[in-house]
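What follows is a short report on a single structure.
Labels run A, B, C, D and E following the written order; every chain starts at residue 1.
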């Protein structure tokens, strides 16, 4: 559920911000050059590994995971919809399904293809292709975020080293040691925050989200097949029952 | 055995508490903002990865593992019970089994279904489903605790960095350096304690507990099958013997 | 795409250089002996593990990955070329293909062999051998860069230890502590830069580049086979379609 | 061979002790509370993961591995013994084997069962069960020691953090800083010693010891089978020859 | 190629030595007790894991890998030799092969067995056994060096902790702090040097060397088989061709 992810993201950032403002002004923790080193370096190291297209796709994927849209998540609800569609299809034919509103993009696209007159086989193939693309794209996106999570602490450490070396070479004014070290350590903090508050949890979330979504899509593919074959609702429920129990593993190239 | 886990948890916490009170007051180690950063940040990072439902289920699972209830753990005892149930079933029929007290939830539920007249096949299927749910839920719960064990030291480090930066930027009063650093290091200590005293061992324990429990459940499923088929006690003992020797691996989707 | 990699490399190095020049002269970060320790030690440790031939091949591979040449990367474009070649071959025979310009070394080599009169079987075998060599060489090259990424931080740490020990043994002049420590820490910075800005991302890039290139080569091998068998363009498109959808996994020893 | 392990254990501990006594009194390194924190915390964290039975079995296993008993280790010697037993069995029957002394517990137990009149099949099954239990128990024991090796440095670090925090909060007397830090660092040293001098090498040793012992037991099982079938010595040597060359992999459930 | 390994070893050590002598006398980095702690502790921890026989065999293996002998490494050259031997065998019989000098121990041993009149089958089996022993011994030796590479930094850290604790407990003379810390840090430096300059690269090298050598031996076994069967040189070349292309994977138990 995206709510948990969103709350977690905001809560994590808020907690660190509150900790920063307690006992000192927040301005102490804002240092534009430090941000530039860590964010810039992390972006650079990620660009070496991944093409821009892959990186942008990862950003898009992260928004898709965070989007608290109203797509149906419940498998039972999807089965109920399937039953209604089945009835409509049997009574009034496929064209009548056009008017039925489904709150799930993948399902709606499949039904629209049926309405448009594509053969059952073609619809199934197109949906499977879409499903495979989702999995591929989620894997690459998770990889991009994992690369970010690896690079950020490394650049945080490099920034701190640069700052410490600058400070150590300039010990003439002992009063500036403290503030200089404080600034030097900021990059380490930024690196840790980017990795632990954002990149690594997001990589995990994308993976588990894609697994769940792909699972739902596999069920929808079978549901649409059931509709085109004009199954009896009871038969359809029997066919989809294993999905409710988590028994069916994702099989992509069927 | 939960006793060992419970003793270990209390002993570990006590030892660290005793170490804290030796040579200083325990109050030195209590700092509400530090607790908030580490605990709050860890909860936030875990919420990004797992839905609330999964997190609460993990907490429930941890209580279930710690519960020192009187459920039967010994496989031999379960076989003895099976023999008695077998005799009751053969002599007086399935309804007579209702009065027999079994100190094992899973076994009791299975027998109750038989008493209620469900077919042998249905009982077996329902119990297998229950067994599969246990394994799934234990895997997710262990994953939640592992995520906690990863996040806690990371937020401990972030808290310490925040504290150090605040201290370094404010070196005007040298007398406050020591206490400030002490407070800054508290979050690292909290993070290490959460990970090593609680989260990581608990993740391991949940996994091994679920493995043992699932193993027992698989034997009980075969035991109940044997009862419904009215086997001779000797045949039943022969059928279940491999479980006593650890030979049978868990097979879920039979 | 090599552009992203090149931009990433330059951006990463620039960002660190800018960070160095901010607040101090860049000269502070240049220390020839420190460079020698880290670069020399890393080269030495890599030479123990890999033969010189393998190391030079890895350097060559890194240039090949970075080269922003105009080799065709788009699979659809390669299929269009195949269709034209197919037509030329059917109308005017294999010799006529000599005049056709293909902007892909591997494809051009294959067609040249056909033009030179080699049998279809031999061309296929030679191209497969070339494909296998690419994969082997990419694996070794990625291994070399990974060894560099392991060794550089280790030698950075050793250099810092050497510098710290020299400084600590000579504490007579407190004014020199800062600059000495600064120099000592330079090797750690160099090691981190070599590993994170160059070696480790390059190892990843070589692997993913070789995977993509090998995939394209596998399609070209099937395309050339299709040309020699004089397929109909539609049949050829059907045969190569699975590659466009990423369905065909690389199979080397066919 | 246990000699190497025993010498290694004593040499490792002696070297660290000698290093401690050089330049300072050994008393400096003995601090009862520090020992309590590390040892107690490690025991506690291990108890959370493993039941007491498993922990005690691991301790027993470690003594068994260290025991420099005179059990036969040489496979050729075991084959010679088998030849003699084979002759005795053929000439005077199984009962005559009672008087023959075998310096290998597992072999002796197998022969005693034969002498006691158990069927060949039953003896084989009992010995295989014993072999399987050895492997299971060695795996669990190695796991216990690995858990100890994980927990000890973690509690060492926690002890040091507790000590440092106490010291930092109490900077009034600068003269006490050094000794306090020394005491604080003791727990880290203890943790590293427990993990590197004892727990982790012992886990490795138990695993490799159990592998070798199990291998010998598998050969003995085939040797005893050969005796009961009254094979010709040459046939027996042929049957067991692959074991001498390390060709036969351990197969447990035959 | 051993040259690269030897050069790497000497270059790595020289670079670190040069770094040590720059700005201070080398004597600063020599401390007999520190050497004793790290080397002794590492040897002890390795002895706990491996028997003395295995450790000595690992040392022997490292010399074998470093030996810049004149054994033939080129597969083509080995095929040329096989062709000559094939001709000699066909023209003058196996005994005539005695006079032929082969600069490869494994090949020479195989031919000597043929000359001595052993059957083709026996020669093949003996050589395969030799090949298997090489692989086993290389695996164990690499394991020994990896254990050394694990133990050395751990004992380096322990030595530094011991030194720091001794220094901290004795802060009466502030002038001795620097030199004491310098000595304490020596063990960490020694541990890092042993692991990164010697043990870990050597473990990798032994593994890759044994893989290459075993590959050559597998080809020689087929070459000798070809000689005993009196193949035509062209047939022999056809049989061995796949080895030149790296197609044949090592198969031990044929």
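In this section, a residue touches a chain if its C-beta (ideal position, glycine included) is under 8 Å from a C-beta of that chain, and two chains touch if they have at least 3 such contacts.
As the structure is a computational prediction, the values presented were derived from the model and not from experiment.
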*Report the inter-chain centroid distance for subunit B and subunit D in whole angstrom, where each centroid is the mean of the CA atoms.*
29
*Could you state the distance in Å from the CA-based centre of subunit A to that of subunit E?*
47
_Overall pattern in which the protein chains touch one another (line/ring/star/complete/other)_ = ring
*Can you list the ring's chains in order, from subunit B toward subunit D?*
B, D, E, C, A
_Footprint of subunit C on subunit E - complex, ascending_ = 1, 3-5, 7-9, 11-12, 15-16, 18-20, 22-24, 28-29, 175, 177-179, 181-182, 185-186, 188-189, 192-193, 195-197, 201-202, 204-205, 208, 245-247
*Write out the stretch or stretches of subunit A touching subunit C in their complex.*
33, 36-37, 40-41, 43-53, 55, 129, 132, 136, 147, 151, 154-155, 157-159, 161-162, 164-171, 253
